[in-house]
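Following this message is one structure expressed as structure tokens.
Chain lettering (A, B, C and D) follows the sequence in which the chains are written, and residue indices restart at 1 in each chain.
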Amino acid sequence: MSYASQLLDSYPRTFNVDAKVLASAIDALTDCAQACTADADDDLSEPNVAELVKCIRLCLDCADICMTTAGVTSRQTEYDANVTRPLLEACIASCKSCGDECERHAMMHAHCQVCEQACRRCEQACRQLLDAMK
Amino acid sequence: MSYASQLLDSYPRTFNVDAKVLASAIDALTDCAQACTADADDDLSEPNVAELVKCIRLCLDCADICMTTAGVTSRQTEYDANVTRPLLEACIASCKSCGDECERHAMMHAHCQVCEQACRRCEQACRQLLDAMK
Amino acid sequence: MSYASQLLDSYPRTFNVDAKVLASAIDALTDCAQACTADADDDLSEPNVAELVKCIRLCLDCADICMTTAGVTSRQTEYDANVTRPLLEACIASCKSCGDECERHAMMHAHCQVCEQACRRCEQACRQLLDAMK
Amino acid sequence: MSYASQLLDSYPRTFNVDAKVLASAIDALTDCAQACTADADDDLSEPNVAELVKCIRLCLDCADICMTTAGVTSRQTEYDANVTRPLLEACIASCKSCGDECERHAMMHAHCQVCEQACRRCEQACRQLLDAMK
């Protein structure tokens, strides 16, 4: 059981969203943030780095956005849907853009394939959390 | 002239948004992120910390979101409106929520008054950038 | 296998540290960052929040430091020991301080017990990485 | 007067370091974080991006470390010198490495010259804060 799950279990108040869906999203977000950071770095090491500039840029954005979304969704106290909802929308858009770009390089670079998977899984987990919040 | 302005001036390519509006937004975002971090900490030092829990939580969110938005808007290479636009919407929502909550404590706590100003200015700068992007 | 491991496996160049030790550290760092963020929020929800102010503050620091250390250690390209080494030292110090404070509240609050474990594990993983770098 | 200064002025408790030195460090840290983020992006737009890989990597590290150090030094409540001190050391090392690398490209790229200035100023401000803490 991930720390995210354990900490939701020991949260002192109640919360209005399914804990399993929430924990899955938090885990997918932190995983995706790390994968994007690492993939941007892998791209920098490639001989064809000039062709990977868009991938690097989208990975840097996606890492930042996923990390921030992980923080905001980890906080349950005085939860504010007006903030969480548009942030999840932005995170879904970022995972989509980054995943699509990684896919274009997945045949040539195994690290882009791994990062694409992390982005797709995170996009899906954020969509499920957004649905569960409704 | 802020570093943000100087670095936009020396950007090697052209970009499709007014540099002055962009630089103002970046500066307002980094200012707001710092103000929210400091205000959350100021709240923690108050004898009535239990009444400031909502303010702390929204400040932590707003600090993270503003910092990430500063990063994404600072990146011009392979700019992706599909990511930047919803992120700016999320940031505007966060500055609004945090600014409103800070306003409730502004009479009693000078630090909340300062933070409210930073949030209002940032919200406005993000709206202007969003308009300029259209 | 974590994304961190998979991305180290597909890194295009060679690196001078044991990949298993490095992947364990990266995973422990991202886990600890999330645990500290969540524990600070759990503390904010407790009726005795005023007694948990030190715990909240150290958790916020530890979350930021672990996240940054995860980023820096995830980057292998043009690795700079002059930066990584003191940062790992700072991260070890932060995990130690935060783990010690969480331990003081572990009997009363299960979430502090979980966070203490994350901090202890991360402290150890950072020490092992620092040793492996020598 | 920067928000950092205003928020230190309205801090509800006393703190044991000169407020002016502290505010200067916080402002230099947030400035440097933004400059490094923007310079890494400027580098990505250059035709000779392959020669700027080390600069990009060090800028990404320096941005993360400065941002985290800005957060930790902005927090005064339950201040822990055991954490702040090694973190400032790590930040000084990062600003030094990044500033040195930017200097190598400063003649060719104006954005690296601007970033070098931000790194040098931040390194100095962190040293002054470390001295003031003794």
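In the analysis below, contacts are C-beta pairs under 8 Å (C-beta built on N, C-alpha and C of every residue); 3 or more make two chains touch, one makes a residue touch a chain.
All figures in this text were calculated on a predicted structure; none of them were measured in a lab.
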Per the touch definition, the chains contacting both chain A and chain B are C, D
If chain centres are mean C-alpha positions, then the most distant from chain A is chain D
Interface of copies chain C and chain D: same or different residues on the two sides (over or under half shared)? same
Taking each chain's centre as the mean of its CA atoms, chain A sits from chain D at a distance in Å of 27
Taking each chain's mean CA coordinate, chain A and chain C are separated, in whole Å, by 19
So chain A residues touching two or more other chains come to 41, 44-45, 53, 57, 60, 67, 71, 75, 77-78
Contact graph of the chains (line, ring, star, complete, other): complete
Residue positions on chain C within touch of chain D in the complex are 53-54, 57-58, 60-61, 64-65, 67-68, 71-72, 75, 77-78, 80, 82-83, 86-87, 89-90, 93-94, 96-97
The chain B residues in contact with chain C across the complex are 40-41, 44-45, 49-50, 53, 56-57, 60
Interface with chain B, chain D side, in the complex: residues 2-4, 6-13, 26, 30-31, 33-35, 37-39, 41-42, 44-46, 63, 67, 70-71, 74-78, 109-111, 113-115, 118
